[in-house]
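As structure tokens, the structure follows; a few thoughts come after it.
In order of appearance the chains are A, B, C and D, and numbering begins at 1 in each one.
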Amino acid sequence: MNSIDKELLIKMYMNMVKIRRFEEKANELFLNGEIPGFVHLYIGEEAIATGVMFNLNTDDYITSTHRGHGHTISKGAELKPMMAEIMGKKTGYCHGKGGSMHIADFKVGMLGANGVVGGGFAIATGAALAAKLRGSKQVAVCFFGDGASNRGTFHESLNMASAWRLPVIFVCENNQYASTTPYRTTTSVENIADRAIGYSIPGVVANGNDVFDVYEVAKAAVERAREGGGPTLIEAKTYRIKGHFVGDPEMYRTKEEVNEHFENDDPIKNFKSQVLRRGELTDEEMDDIDKRVADEIKEAVEYGRKSPYPEPEEIYDDLYV
Amino acid sequence: MREITFAEATLEAMAEEMERDPRVFVMGEDIARQGGIFGQFKGLPQKFGYDRVRDTPISETTIVGSGVGAALAGMRPVVDMHFVDFVGIAMDEIYNQMAKVRYMFGGQATVPVVLRAPDGITQSAAAQHSQSLEAWFLHVPGLKVVIPSNPADAKGLLKSAIRDDNPVLYFENKVLYRQKGPVPEDEYLTPIGQANVVKEGKDVTIVSYSITLQKCIEAAKRLEQEGINVEVIDLRTIVPMDKETIYNSVKKTKHLVIAHEAVKTGGVGAEIAAAVAEDVIEYLDGPIMRLGGKFTPIPFSPALEKIWPPSVEDIYSAVKQII
Amino acid sequence: MREITFAEATLEAMAEEMERDPRVFVMGEDIARQGGIFGQFKGLPQKFGYDRVRDTPISETTIVGSGVGAALAGMRPVVDMHFVDFVGIAMDEIYNQMAKVRYMFGGQATVPVVLRAPDGITQSAAAQHSQSLEAWFLHVPGLKVVIPSNPADAKGLLKSAIRDDNPVLYFENKVLYRQKGPVPEDEYLTPIGQANVVKEGKDVTIVSYSITLQKCIEAAKRLEQEGINVEVIDLRTIVPMDKETIYNSVKKTKHLVIAHEAVKTGGVGAEIAAAVAEDVIEYLDGPIMRLGGKFTPIPFSPALEKIWPPSVEDIYSAVKQII
Amino acid sequence: MNSIDKELLIKMYMNMVKIRRFEEKANELFLNGEIPGFVHLYIGEEAIATGVMFNLNTDDYITSTHRGHGHTISKGAELKPMMAEIMGKKTGYCHGKGGSMHIADFKVGMLGANGVVGGGFAIATGAALAAKLRGSKQVAVCFFGDGASNRGTFHESLNMASAWRLPVIFVCENNQYASTTPYRTTTSVENIADRAIGYSIPGVVANGNDVFDVYEVAKAAVERAREGGGPTLIEAKTYRIKGHFVGDPEMYRTKEEVNEHFENDDPIKNFKSQVLRRGELTDEEMDDIDKRVADEIKEAVEYGRKSPYPEPEEIYDDLYV
């Protein structure tokens, strides 16, 4: 833990709480009819984006998934244009053209959520290739799910990234489900990290519910990539607490299964108990952060609500340069 | 006649054909445990077992490719694309394998595979979950392509598709799933390759299919009130295309409007218009109007999404413009 | 003017643009060590190094997808498809990512990627190595699509494509590679989106592009001998399509024939015919004739292969039929 | 070696020689302008198709590649319609519509060569699924190259086949090159067989220049598959003696490299020296086979030459049932 100072602890906590509150609010707004489209919540997986991202610089790249709010927040995006975007407003990051599944903030290197599962592998690989060709020491991180690990793009990208020693880190968020399908019924390997062997790269399992573990594992991978050592495959094991998307009837699992994970694997609870036990942060400090986050979320919602929808004539904007 | 939803109609088709022929099975993502995102597979695994109703890995390329392989090896697979938007992931398997193996191998192979693909705009699913992509497959010799507009055709065409020894792409609209319509209780097949004259008329022909057909009927009603007598044709099958029915109608009405939700440029409307302009242009008494989605990806925001596809008003105006 | 081959012209374009802009690089299968199957990359690695001229794994999906990623991260990749026949392997990357990311992300992204794809029939390469697939991409908003017919355009359009901040698909015909033509020594760009009136005429317009243009010119020569004055238009760009040039020609000649090697049904000809039938039909004095490949996969046997695409005779007859 | 009796030895030798002579003749005819299209020769790799195929029954399935003559012959196809097909004649297996890259003989379970590298993975997987659904105990074998192992279809199919325990054997013919590209420059792993770990299936390296080794390795895999044990990945290491296709200028490797392999790795030479040393076959026996094969090839060539090209109107045949 020596690489984590108090400032970073505070940032990590704040980031995880921000994601949690943002998602809870998104859930509420969706059920309230204020957010259209599909919304996939990152609740319970906050430690992964957080632990990885505090190893990155603003000019490093990430690619995200359909479940992208947590990655977007962690990479440094602002909540107001995020909220406006997922509400379909003109002031959103994508002027309302993208929505939750296509949120992006290129200013902070967030190259986009993706509605195509497994669509990010090659994009991240290409971003890493760009960095390598420029010699810019940037790295790229590709987040993806356990389900996505069965797409052909996983294989092709890991192979290419390894053959070319590209500075890219592949982070599998194994939340045990691909939509309605339990991980092991369609994925032929116990640890997705073991697939790294097929590409002669390190494959590491991290506890995806423990931000410290993710942070350390990612740190090594990012350093390796930055120094020219090539890609790493990280599998962060976690559990999807919420339905696949807001509104999922969840007929494929029991309430007991979900509750058990909710009790034991909540990354924010885990964080709190660790820092309290180690005396690194106090309850008061964290309560204070909670309040600041609550305010920020409130402002974001207000901003989103007040923002106008795009005008009909904007439908043709931004198709070509 | 009893009324059931489009989704239920496809379910009946599947159940009847799986009952009838043990070689029929179905695979796709999230179809067994939860019955499909649109309920279109509900109850099938309970009836036929999880062997014949298979949840697959997220591997669209191999879902389609293994469907082809199973067909070559004597089965009659139905493969589900989840959303048509992902059909491109399996594009090579469709046009280089599924469509070509019979011809390329000199008729040794038969490829009785059905590819089901839910399509169309609904509820801000945005650019990668809202498309209509049927037009590409006009250009791929070796496939059949059907695209029903109502529960009765949904059932009859799916059953025909499953019994067809050729590969058939079956496009089913996401909004249609929930709609009810009359469906005969007795068994029937809707033949592939026959358009349906939904409404006869003498002043103008509107050709459409799938969800957009309803907008055409709506527009036709408004036009009738103004004394314009509209013939509405439901294409039902895109390949092989029933040009006879279109040509006969155009010969009578001398005016043609084509409407679909897919992007206008390069859409199915282009082929219909071009065929008419090649074969029966002398009967036309005005331009052929095409209506389709705008030339952009489909935007997320409800404010933009709702103006993306052609509206009843657009179809109405197109007719007014040429009459 | 000096004459060089089409392949050499593309080589010059690559070299000049790589010289000019360090962000330009190229990747694809078997392009570096042997200079491409058609010699179209010969010498580039010696000039620019194996970093900027990269032999890739056989991973078309990721070749294209990583091209998109590199473009998003500030580079200007040129990716080679080896044969256009494999473009479907990367189809999803093309229409769901390359074409959409700019729009979907509200203009945050620019995607300056060029996808090069050799196409067309040559020497019994058979069903999976002979296709022409440009038509699909008419239907994909967000792309530009160019398809040169001669060395000069090949160079000028490739340079324009590389400098364009939008994704450009560049289709290059395999037979054309070996053909020589005049190419200016001084630097020039051929603008994307402008058709070329190759030959003026007043009796009939023939629109074509790529290899088939030559057959049209051949046919035009024969027709001239019979006193039929043919205007021949080389489309050069498919998206954005230069409809003005076509319309102006049709207004003058009142007759239109369209010819390409790709399958006729659902081909680029359909869009051209439909656009004309919608916008300027009143000028037409006869049917719009379309010529394209037959509605089958491309057969291997030379006996069949040679009759698959439209011939000079077919084009000639089509004109005679409507004049 | 106890599972190989003399009859089988003779069959194996005959099969390898048949492939070799067929390919030599194809080479000659191509250069002579009698065979159009692309021709990829299987010379030097004969032990693989042979060793695998003598473990299969006629109703088992195989999928092949662009380099498919060896697989086709080994699965039991006849030389006459093969030769006619690659000459583009009406009497060919595909009535001249397919050619070398699309040769097929469905009667013997040969589901086709494939011009798309990596196009066979899913087809073989599907054929195995068919067998499993029917409970018919058939197996499917997918042949593919080292280059093909980098296609996404490799990954998807191995995963699906393992997750569903399908009776399919994936046989990689690692001939060190994918067209002009040396294996290790684009393939990120020393042994492709190691990729099996990513799918929890056995991965076995075989000496692809030794028909006995291939036979034994394949035997175990086929038995496993037939008994419901699921897929196996076999990597048969070999070397492509000839150019990638007939007419390849081969600028990517030295003559010395090729000659060295030709000297040491010829599977037919290997076979001969083994059986002679062990006294299992005599020179005379093998010479006799050589003669029979030579005759068969001659007849096939004559048949091909005499056969007519398809008639123009046949162009529309066999598109739809």
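Observations on the structure shown:
Going forward, contacts are C-beta pairs under 8 Å (C-beta built on N, C-alpha and C of every residue); 3 or more make two chains touch, one makes a residue touch a chain.
From a predicted model like this one, the values you see are computed outputs, not experimental measurements.
Identification of common neighbours of chain A and chain B yields C, D. The interface of A-B is repeated, with over half of its contact pairs matching by residue number, by C-D among C-D, A-C or B-D.
Mean C-alpha positions place chain A and chain D at a centre distance of 45 Å. Between chain B and chain D, the centres computed from C-alpha atoms are 40 Å apart.
Inter-chain centre distance (chain C to chain D, centres taken as mean C-alpha positions): 36 Å.
Counting only residues that touch two or more partner chains, chain A has 94, 96-98, 102, 114-116, 150-153, 156, 159-160, 163, 185-187, 319.
Within chain C, the positions touching two or more other chains are listed as 56-57, 59, 61-62, 85-86, 89, 92, 96, 103-104, 126-128, 141-142, 294-297, 299-300.
Viewed as a network of touching protein chains, the structure reduces to a complete graph with every chain in contact with every other. Interface residues of chain D, counted against chain A in their complex, comprise 150-156, 158-160, 162-163, 185-190, 194-195, 197-201.
By the touch criterion given at the top, residues 29-30, 33-34, 55-62, 85-86, 89, 123-129, 294-297, 299-304, 307-308 of chain C touch chain D in their complex. On chain A, the positions that touch chain B within their shared complex are 36-38, 88-90, 94, 96-99, 101-102, 114-118, 147-148, 150-152, 178-181, 185-187, 249, 251-252, 309-312, 314-316, 319. Partner chain B is touched in their complex by these residues of chain D: 61, 63, 92-98, 102, 104-107, 111-112, 114-116, 119, 121-131, 133-134, 138, 140, 152-153, 156-157, 159-160, 163-164, 317-321. Of all residues in chain B, those touching chain C in their complex are 85-86, 88-89, 91-92, 94-96, 99-100, 103-104, 126-128, 133, 135-142, 262-263, 265-267, 269-274, 276-279, 281-282, 284, 286-290, 294-297, 299-300.
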